[in-house]
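Across the two complexes that follow, chain A remains constant while its partner is chain B and subsequently chain C.
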Partner chain A sequence: MQLPIEQNGSITIASLSGQIDSVNAGELENDIMHLLDGGTLRLLLDCADLEYINSAGLRVFLLAAKRLEQSSGQLAFCTLDANVLMVFQTIGFDRILTIYADKNAALEGMNAASAKAA
Partner chain B sequence: MPLFKRLLHGSLSARLVLTIGIPASLFLLVVMAWVGLREFEHTLEQTQREAQDMAQLEAVKLDRVLAEAARVPEVHAAVLESGALKTEADVQAYLTETLARHMDLLYGSCLAFEPHQFSPNKANYCPYVYRKDGKVIFSLLQPPDYNHFDWDWYKVPKKNQQGVWTEPFYDEGGGNVLMTTRTVPLFRKAVGGDPASAGEKVFWGVATIDIALDSLIARLDQIHPSRSGYAFLISRSGRFLYHPDRSKVFNSHIKELSPDLAEKIHAQPEGFLRMKDPHLGLDSWIAYASVQHGGFTLALVYPSQDVFSPARRSALELAAVALLGIVGLFGSLTFISHSVTRPIRKLADASAKIAAGDLEYPLNTGTRIREVHELTLAFGKMTRDLRLRMAQLQESSMLKARLTGELNAARRIQTSMLPREWSAHNHWPHHSDIALHAVMQPAREIGGDFYDHRFLDERRVSILIGDVSGKGVPAALFMAMTQTLFKGYSGPHVTAVDIMGRVNDALCDETYTGMFVTLVYAVLDVESGEMEVCNAGHSPPVLLSQDAAPAPLQSERHPALGLMRNYRFTSSRFMLKPGEKLFFYTDGVTEAFNPEQELFGLARLEHLLLQYGDLPVDQLTQLIMNAVRDHSDSEEISDDVTVLAIKLSDQSSAI
Partner chain C sequence: MRTGSLSTKLDVNLYETGRLNQMVQQFGKWHQMPEDAVFQISLSIDELVSNIVMHGSLSQPQAHEIILRLTISNREIHAEIEDDGRAFNPLEAPEPDIDAPLQERSIGGMGILLAKRLMDAMHYSRIGCRNVITLTKRVGVA
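Up next is the complex of A and B:
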C-alpha cells in the first residue's frame, strides 16, 4: 500500500485513504508494523481520506496500539469521517484509542499528553 | 531470385548445400568452359601451323621439280647462244639426248627460231622431241600442220623478252596428258651492217620444255590433311589442276566454285582462311601457298568438323568431368551438411519432444560441434531446471492440496462446533413456540463468524452471534476459543453480564495478535418473552414487530471483547412479544460491496425485512443471504456472512 508519511517533530503522520477491508488489511498491517519496527514511537494516523474501514482494519489499529503501549509510545487518530467514526464507536474503539477532530488538534494534544507524562 | 530466396529459407542443410554448391558449381563450369575454349583455340592454332607448314612444304616440293625442269630451256639457250650447235643434225642429237636424260621429268622439248635465222633456207624451223610409249620421238613442226608463229608459247616470250610458264593445257594430240610449258627466249649477237646495233642481243627464237603435270600432282592424292580433308591445286588463272573430283580438273575454275576463295587467293600469295570448301561445301579451314614456278597455288582443306573433333571430344570429356564434379560436389555437400546439421536436427527433434511434454527425452551431448554442444548443454540445463521446477510445483501443489484438505477438515470441525438445526428441538414440547434459524457463509474455507443457541435451563435460551476481526485460521482459532469460553461459562445460574465479563477478560489475555470479537449475547425467557441483551461492539439485532417498522434494538453499547480488560458490561432488557421476530446478523451483511463499490447497507436490510418480515424464519434468513450474494454479484465475498432469526410463536400468547 505504501502509506504516505509525513514527519512533524518526533510525531510520524501516516495518511490512510480509500477503503480498508479484509482484502487489504494485511498490507496496512505490514506498512504500520514496518513503521513501528523502524522505531516510530509517536504515530498519528490521519483518516481524512479514509472512506471505509471494517473490523479487519481495526484489528491492525489494536495491534499497533498494544505494541505502542508496551513501548510507552503514542497512537492517535484524527479527522475521522462520520462512517468511520461510527465503526470506531460501534466496536468501542473510541474508548481505547485517542481520536482528535483534526491534525492540528491531534499534534497539540499528543504533545500535551507526552509533556504531561514526562 | 524469389525461388533462390525461398530455397534459402529452407532447412539449414539445404542452405549449406545451395550456398556452397551453386557458387562452386558456377566456378567449376566457368573454369571448364575456359579450359574448353582454350582447347579450341589451341587446336585451331596448331591446325593453322600444321596446315600452313604442310601447304608450304608441298608447294616447295612442287616448286623444286618445276625449277629443275625450268633449268632445261635455260641450258638450251646457253648451248645455242654459245654456237655449239651448228647444224640441224646437231640440234636433233642435242634435243634427243637431253630429253632422254630427263625422261622422268620432261614430256617434250622444242626449239623454235625466227625465220631463216638458224637454217637460212627455212622460214619455219621448229624441231620438237617428245616422249611416246617410253621412246623419244623427233619431229619438225611446220606448216601446214603447225605454225609456231601463231602460238602464245612463242609470241609471249618474244614480246616480253623473258621466260614464261604457259597456262597448263591438255595435249590432245600427244599423250592426252595435262601439261605445262616453260618457254624462254633465245638471243644471238647482232652481226652485219648496222654498227649501232653491233654487239646487241637480238631475239633469235624460243626454247621450251613440256612438263606432264599428271606425275607431279598424282602424289597430291596421298595428301589427306584430315579425315575428310583434301588438297587442290589451281593454275594462275584459277583452273583446277588437281581436285579430288577428277572431273573438275582442267574443266572448272575456282572462280566458279568459290569466288570468295578465288579473290582471297588472288589477293594474298599464302594464307589460312575459314570458309566453305569448294568441293564438299563444308565449313572449313583452308591453308594455301603459292608454287612460284608455274604460278600455281596449292591449297589444303581442313573441314572444321575434322579440325575440332579432338577438341570437341575433349570438350565433351570436360563437360562430363564437370558434370561428375558437380554431382560429386552436391553429393558430398549434402552428406557433409547432413552430418554437420544432424546434431542440430536431433536437438530440434528433442526440443520438439520436450516441448510436447516429454521432459525425460534424452539429449545427445556427444556432438563434436562446439556451438551445438553448448546449445545442447544449455538446453539440457533448461530441461533439468524445468523438471526441477515442475517437481517443486508438484510438491507445492501437493502441499496446497494437503493444506486445503486440512482447511476442509478445520471447516468441518468449525461447522461441528455450531449448533445443530433448531428443528432438532421440535420434539421438545416446552419450546415448540420458538422458531429459530441461522445461516452462515464463510468467505474462505474457514471463517471468523460464529453463532450459537442453547438452553441455559428449562425456560431460558441463549443466543450468541459474533464476528472475530480478521479471517482465516487465526480468526477461526480465536472464534473457537471464544465459543468454548461461552460454552464453559454458561450455566443455569449465570447472568449474561457475568459471562461477558469473564470471556472478555480471558480474551484480553490472548490478544497479542490484535484480535477482538464483536458479538451480541442475548438470553430469552421463552415463557415470559423477557430478553436480556448484551452488545459488545456488534451490529444491533433488528426487531420485527407487526405494528412498527423494523428497527435496531437500542441496547446499551459496549466495546468489543478483547479490547478492555476488567470492563464492566451491563445488559439491556426487552420484551419480545408473541409473533415478533428478532433478526441477528454480522457486518458481512451490511458491508457487502457490489461491483460499483456500493455497500449493501442497513437501509436495504431494513427494507427487505419490512417487505418479507412475515416469512418463516428459515425462508427469511435464506432470502437475506441470497440478497447479499446477489448484491456482491461477481465481487468476491470478502467477509463472512451470518444471519440468525428467532420468532416467538403466536400460540405462546394463547397459552
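Up next is the complex of A and C:
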C-alpha cells in the first residue's frame, strides 16, 4: 500500500485513503507494523480520505492499538468520515481508541496527553 | 429509491470481494439508495462473503461458488447470499465482547457482528447442500 507518511515532532502521521478491505488489509498491516518495528511510538492515522473499511482493516487497527499501548506509545485517529465513524461506534472502537475531529485537534491532544503522562 | 434487482455468481476468492463491493456500491447509487444505507448493505455483504471465502476454504467440503441476489423495493433492501460449502451458521458464531478493555478485545468475529448490528434482520438456513443467509435493511423515506 505504501502509506503516505509525514512527521510532526515525534508524531508520525500516516494518511489512509480509499477502501480498506479483505484484499488490501494485509498490506496495511505490513505498512503499520513496519512503522512500529522501526521504532514509531506515536502514530496518528489520518482518515480524511478513507471512504470504506471492513473488519479486516479494523483488525489491523486493534493489533496496532494493543501493541502501542503495551509499549507505552500512542495511537490516535482523526477526521473520520461519517460512515467510518459509524463503523467504529457500532463495534465499540470509540470506547477503546482515541479519535479526534481533525489533524490539529489530534496533534494538540496527543501532545497534551504525553505531557501529562511524563 | 428506484426498485430493481441484481443477481450474480462469484468465485470463491478474496479478490472477488473487492469487485463485489464496487458493484454493490454502484448498484445502490444507481437506485438512489441513501448513502449510509449503501455503505451498510455493502459492508454487511462484504463481511459475510469474506467470511465464506476465508472459512469456506479451510473446511471440507469447500465452497465453489457464491451467489448474491440483491433486491430493492420501495423502502427495503433485501440480500440473499448462497454458497455450496460446509454448513456454517454465522448467527451461531461466538460474538466478541465489544465492552472489553483494549488488551482483552478479540480480533475475530467483528465482521459478522457488524452485519448483525447494521441490518434490521439476518437469517440463516441450510437448504440441501447450500448455506443461505438473508439480510434485510429498511430505509426511511429518502
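The definition used in the following text is that the second predicted complex is superposed on the first by the 118 of 118 C-alpha atoms of A that agree within 3 Å, B and C clash if a C-alpha of one lies under 4 Å from a C-alpha of the other, contacts with A are read in each partner's own complex, and residues count from 1 in each chain.
Just so we're on the same page, contacts are C-beta pairs under 8 Å (C-beta built on N, C-alpha and C of every residue); 3 or more make two chains touch, one makes a residue touch a chain.
Nothing here was measured: the structure is a model prediction, and the numbers come from that model.
Asks: So, on chain A, is it clash or fit between chain B and chain C?
Replies: Partners clash after overlay.
Asks: Applying the touch criterion given at the start, work out whether A:Asn54 contacts chain B, chain C, both or neither, answering first, second, both or neither.
Replies: Both partners, chain B and chain C.
Asks: Between chain B (first) and chain C (second), which, if any, makes contact with A:Glu69: first, second, both or neither?
Replies: In the superposition, A:Glu69 touches chain C alone.
Asks: Please indicate which partner A:Ser22 is in contact with in the superposed arrangement: first for chain B, second for chain C, both, or neither.
Replies: Once the two structures are laid over each other on A, A:Ser22 reaches both partners.
Asks: Applying the touch criterion given at the start, work out whether A:Thr90 contacts chain B, chain C, both or neither, answering first, second, both or neither.
Replies: both
Asks: Counting only touches as set out at the top, which of chain B and chain C does A:Ala117 meet: first, second, both, neither?
Replies: In the superposition, A:Ala117 contacts neither chain B nor chain C.
Asks: Which segment, 314-322, 332-340, 368-376 or 440-448, is the chain B region that clashes with chain C in the superposed model?
Replies: 440-448
Asks: Would you tell me the residues on chain A in contact with chain B in one complex that are also in contact with chain C in the other?
Replies: Common to the two interfaces on chain A: residues 19, 21-23, 52, 54-56, 58-59, 62-63, 66, 90-92, 95-96.
Asks: Applying the document's contact rule, which stretches of chain C touch chain A when the two form their complex?
Replies: That would be residues 14-15, 17-18, 21, 35-36, 39-40, 42-43, 46-47, 50, 53-54, 98-99, 101-103, 105, 107-108, 110-111, 113-114, 117-118 of chain C.
Asks: Show which residues of chain A lie in contact with chain C when the two form their complex.
Replies: Touching chain C: residues 19, 21-24, 52, 54-56, 58-59, 62-63, 65-66, 69-70, 82-83, 86-87, 90-92, 95-97 of chain A.
Asks: Can you list the chain A residues touching chain B in their complex?
Replies: It is residues 19, 21-23, 25, 52, 54-56, 58-60, 62-64, 66, 89-93, 95-96 of chain A that touch chain B.
Asks: In the complex formed with chain A, which residues of chain B make contact?
Replies: Per the touch definition, chain B meets chain A at residues 443, 467, 469-471, 511-516, 518, 536-539, 557-560, 562-564, 587, 591, 593, 597, 599, 636, 638-639.
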